[in-house]
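Okay, so chain A shows up in both of these, paired with chain B first and chain C after.
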Partner chain A sequence: MSGERRDGRIVIVGASLAGLRAAETLREEGFGGTLTLVGDEPRPPYDRPPLSKQVLLGRVRAQDVGLPGRRDVDARWRLGVAAVGLDPIGKQVLLADGERLPFDRLLIATGTRARPWPNPEEAALDGVMTLRTADDAARLAERLDAGPRRVLVIGAGFTGSEIASACRERGFEVTVAERGPSPLVGALGGALGALAATVQRAHGVDLRCGVTVTSLRGRDGRLIGAEFSDGSRIEADIAVVALGAVRNTEWLADAGLAAGPRGVACDAGCRAFNMYGIVTDDVFVAGDVARFPHPLFEYQILALEHWGNAVAQAEVAAHNMVSPGPCRRPHLTVPAFWSSQFGLNIKSVGVPTFSDQVVVAQGSLRERRLVAVYGYRGRVTAAVGVNRAKWLGYYQGLIETAAPFPPRPGAADPPASGVPVPSDVPSPQTLSHGPTVALTGHVPDRRLTLVRHD
Partner chain B sequence: MQIVVDLNRCQSYAQCAFLAPQVFELHGEEALMYTPAVPDDQGERVRRAAAACPVQAILVGERAGARVR
Partner chain C sequence: MRPDTLFQRITDYANRADPYPLYAELRENGVTRQTDGGYLVGTYQEIAELLHDPRISSDIGNRTDPDEDILRRPDPPAFIGVDDPEHDRLRRITMRPFGPPHSPGRIDALRADITRITDDLIGSFRDKDRIDVVDDFAYPLPVTVICRLLGVPFEDVPLIRAWTNAIIASFDFAPEKDDRDHQERLRAGMEARIAMAEYLGGLADTRRDRPTDDMLSALVNDAGPDGRLTREELKSTATLLLIAGHETTVNLIANGALTLLRLPQALRLLRDRPELMPNAVEELLRYEPPVHMLPQRTPLTDIEVAGVTIPKGARLILMLASGNRDPLRFKDPDHFDPTREDNQHFGFGSGVHNCFGAPLARVEAQIALSALVPHLAGLRPAEDPPPYRRSALLRGPRHLVIERA
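Showing the complex of A and B:
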């Protein structure tokens, strides 16, 4: 390995899961220069998945979800201060407190934030909340401890559904409003979306699909209820806005990078593209904020809001930051995520939205124990297990080898029918919540501005 | 001591739930729930659970960034 890439100054902007794992990998691979981690939250890195599960159930305190380190990173930590700009020519990151951090190589891992309720006055009502950070979770958990009369969850993606599940488990009345035809349909398609709707209702959720929340009503600054597009209204003292995530790219507006609402575009080796589509060699991207081409999915540019992707992409980015060209690796990890809600363990490998058909390959929807396999133009592209975690490794192998779809029947737990049906993945535009997996190859809402002279 | 479980990797063998039931438990049939901040008196059990995990999904360590400078 060349000496120069092991030395110098590396700045990582974003001190969450991806930023931490990248820092550790840099040191693991022999980086001996100075390392600075910048994070806008005052807390050291913590784990977000428990926030919508253990924390809301009252089993774990929000301040106790810190991530364990794999090793000492010998870094300077600048926590509680956001990066507000990037000078790509002077190679400096500008911080909100005025400090300038010079770098030789930069890793962008600024992730996402919760999409706020669009009406600022209603969003400011006491009782209207989002869930993304540990502070958010602490506030919501405190409200739940006080025993709300009814919780309204706006948006039935994974986060919204997990919140609803925790609330029902604690015995609170819950209304879930989703613009799409069913919960989880944006990530898992029609068949499993219908199952999710059945399960939510069986657990006592007042689930309202095909409606939007037209207003949140308040009195004396406190939330008292909501009105829906079908004319109905409810009373509620908590409304959790679970409309998906916004990528933290505003600070890069003048950096000349291919950065925008859909994330920061990078190559398979995590190197950022500039606004002309030319790859940089000193700016890298990892985690929720990255969008990258994936060969298993026809080089579609993917943006994945997944825990596992943050770890895997951070490791590849860090490796490539300290390795000369021929030793660099592509980020090829098969996307995977999990969710637990309403007593079900849902696990996914591949990209279910990258599909035209789906088949229940093992088990059945009726038993609520199954593996659904997704195909696109005759090959396997994804599998989702419901209370069938042990089988997913097998299907991951099928995805990696582009095995034919529908797959041959497994030895165990054969399905009743086994006939593929349309996977019925709706356009994200018809849903309340943003997609956690975004196929972002075509960006019709953005136009490239070629010349920018200030 | 702090832990995190890679739940993509976890296949719900539940060895951890037998070895350190105060820290790990199955929620429903196979969803693992755990306590990220391990109580002091559970450290040894958690280390054993991490070692016994058939898919090696449990990371045990000190809290990252705790000694921020």
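Showing the complex of A and C:
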């Protein structure tokens, strides 16, 4: 193996899960050069899943969710300073404090941030918050400790629903406003969305679907309530804006990469494309900010906001950064995510939104214990377990082998009806929350204009 | 297809000391129908798939030709012999007083006890020239621990031992159904099962509203969202926990001692690097697992395994110990390597029926073998191979006498 790939300078922009795991993998695979990690947050890498669960329940403090390291990474950490630009010719990352970091190879793992409330004046009201970072979680947990009279959650995706769940578990009144027809519908489709709506209402959530929040009302700079598109109003002292995520790609605006609001496009080996669709060989991408073609899903370009994807993709990217061409690996991991809310353990494998039909393969919606299997044009593309995660390995096998849909009956705990129904995956435009898997297609983010210089 | 006799040969007591060449033959032959109508699977990939396949039942009632003596059992089956959703309900209720999320500290809290019991046992034979690792060490440790955990008084241990021996002996697979010894063992096993279940039910009754800090008390007194076990369910569940909670660990510890006595290099490595013990126990679970097979599964529909169709209701036997030695999965599988990294073995099975007591077994084996290692140097087994117990399923030495070399 060529020695040159094992040394030199590697810069990783983004010091969260993907950045840390990539750094560890680089060292694991024998990278002996200099390694720099850049992160805009001042904290060392931490784990985000507990922020909307254990932290809000008061079981874990927001500062105690640091990610355990797998090994020493022997890196220079530039924390608390954002990357603001990339010079692809001079091969330098420009930091907010003016420092220029030269690199031989670069990994982009800048992830996403919470989509803010669109009205800046309302967003600035005391009591209006988002939840993405540990600081966000600490602030929200502190507000909850003070005992709010009512919490408004705007957007019923996974984050919004988990926040609502934690609030109900602590006994607070909660209103959830969702523009789509039900919670979680953007990720799981109509049938499980309807189940989520039933469960939320059974847990005492004031769930309002098909409405938008038209204004957040304040007095003396403090939030006092909200108005909805159906003309109704509520009083609330906290509003959590859970409208999905925005990809952190602005710093790449002039880098000439295929980077935009939907992420940074890369090939199956995590190498970034430039704006002409030509693959680079020194710029790699991993984690929430990446969008990549997946062969199991007809080479659709996927953007996944999943914990497991961040880890798996970072490992592949790191491996490929220090390996010559023939030794490189594709990132083919079957997407998977989980959530816990309202006493339910929800786990998904595959891409439920890449579907036209869904069938309950085991268990029952009424019992809140089931495996739903999703199909697209007669092939199994996803499975979601509700309190049934342990069976998903089998269904992952069906996804990997593009097995026929619907799966043949014969599984334990058979459903009352094994008839597939439309999966009712809505267009992202109708949702309050962004989908956690975006099927972003082959369409470039910017149209190119051919300029002739005569 | 001509029926194969491999399962007969595997269960033949003459092959108990070294069944591994038969497992190699099994992997070579692929899935074949046995003379008793069952199907044996011994390759890693296929076993892994079947363990996670929801079309595979653990409920013997789904067999077209169930072993009638098992069906005649008076008590309802415990979760080991039940499918979802019932399996899930029983297991969830039983997990509440045992592990996370409701009792995350239960096993960890036993560490001090386990260490003290281990040290006492070692102290009692330190000066002897000849000891039986099974009777003097591997047996008394787990039985004491599981009795304490469940809330069984220590003075009743001899009772537990007699019942357990009778029950395990009845797990034997007899080629001849009318074999009189076999019939006698079945009868004795059934009697012991009824007696043990009744004993545990009675013990649980005394804890109702008068809880002591043990699992039986918790099971009769605490109700979660799924409610409590019925008295009959509690009896079968407690019987399962008590038997499976020590029987397998006895074999794990005894197999571990034997393996280290046979492999002085591995023994030296663990003496020099005691921090390797957790890893070594995983390797032991792969290399000499206490449970060699899952003999009671059956497909709920015709399924295809490695090109062979196994019909609905046929007896399906998963040879876990063979999968653990599959060279397609494990590098150098017949080599015991305490530093092995990639080691997703079937020592505790896998899938929804994955060993309930695995966290306890791990802690017990780690503490027991760590304590034993410094005392094994210069000792050798009086007989090698030692005399084995009857069961091909729960395989381990009946006695392991060791003496100064």
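Here, the second predicted complex is superposed on the first by the 441 of 454 C-alpha atoms of A that agree within 3 Å, B and C clash if a C-alpha of one lies under 4 Å from a C-alpha of the other, contacts with A are read in each partner's own complex, and residues count from 1 in each chain.
Keep in mind that, in the parts below, a contact is a pair of C-beta atoms (placed from the backbone, for glycine too) under 8 Å apart; a residue touches a chain by one contact, two chains touch by 3 or more.
Remember, it's a predicted structure, so these values are computed and weren't measured experimentally.
Trainee: Could you check whether chain B and chain C clash or fit when both are placed on chain A?
Mentor: Once chain A is superposed (C-alpha atoms), there is a clash between chain B and chain C.
Trainee: Applying the touch criterion given at the start, work out whether A:362 contacts chain B, chain C, both or neither, answering first, second, both or neither.
Mentor: Second partner only.
Trainee: Would you mind checking which one, chain B or chain C, touches more residues on chain A?
Mentor: B
Trainee: Name the contact category of A:390: first (chain B only), second (chain C only), both, or neither.
Mentor: both
Trainee: Using the superposition on chain A described above, determine whether A:59 touches chain B (first), chain C (second), both, or neither.
Mentor: first
Trainee: Between chain B (first) and chain C (second), which, if any, makes contact with A:68: first, second, both or neither?
Mentor: A:68 contacts chain B only, not chain C.
Trainee: Touch test for A:343: chain B only (first), chain C only (second), both, or neither?
Mentor: In the superposed model, A:343 contacts both chain B and chain C.
Trainee: Examine A:79 and indicate which partner it touches, taking first as chain B and second as chain C; both and neither are also allowed.
Mentor: After superposing on A, A:79 lies in contact with chain B but is clear of chain C.
Trainee: One more residue to check, A:277. First (chain B), second (chain C), both or neither?
Mentor: In the superposition, A:277 contacts neither chain B nor chain C.
Trainee: Report which listed segment of chain C has C-alpha atoms clashing with chain B; options: 98-106, 116-124, 152-160 or 368-376.
Mentor: So the stretch of chain C colliding with chain B after superposition is 98-106.
Trainee: For chain A, give the residues common to its interface with chain B and its interface with chain C.
Mentor: Overlap of chain B and chain C footprints on chain A: residues 343, 369, 390, 393.
Trainee: Which of the residues in chain A end up touching chain C in this complex?
Mentor: Residues 343, 361-363, 367, 369, 371, 388, 390-391, 393-394, 397, 408-413.
Trainee: Which chain C residues qualify as touching chain A in the complex?
Mentor: 49, 52-55, 57, 83-85, 88, 225, 299-301, 303, 312, 351-352
Trainee: For a test of understanding, state which residues of chain B touch chain A in their complex under the given definition.
Mentor: 1-4, 6-8, 10-12, 27-31, 33-37, 59-66, 68-69
Trainee: Give every residue of chain A touching chain B within the complex, in rising order.
Mentor: Chain A residues touching chain B: 15, 20, 37, 44-45, 47, 49-50, 53-54, 59-61, 64-70, 73, 76-77, 79, 307-308, 311, 336-338, 340, 343-345, 347, 369, 387, 389-390, 393.
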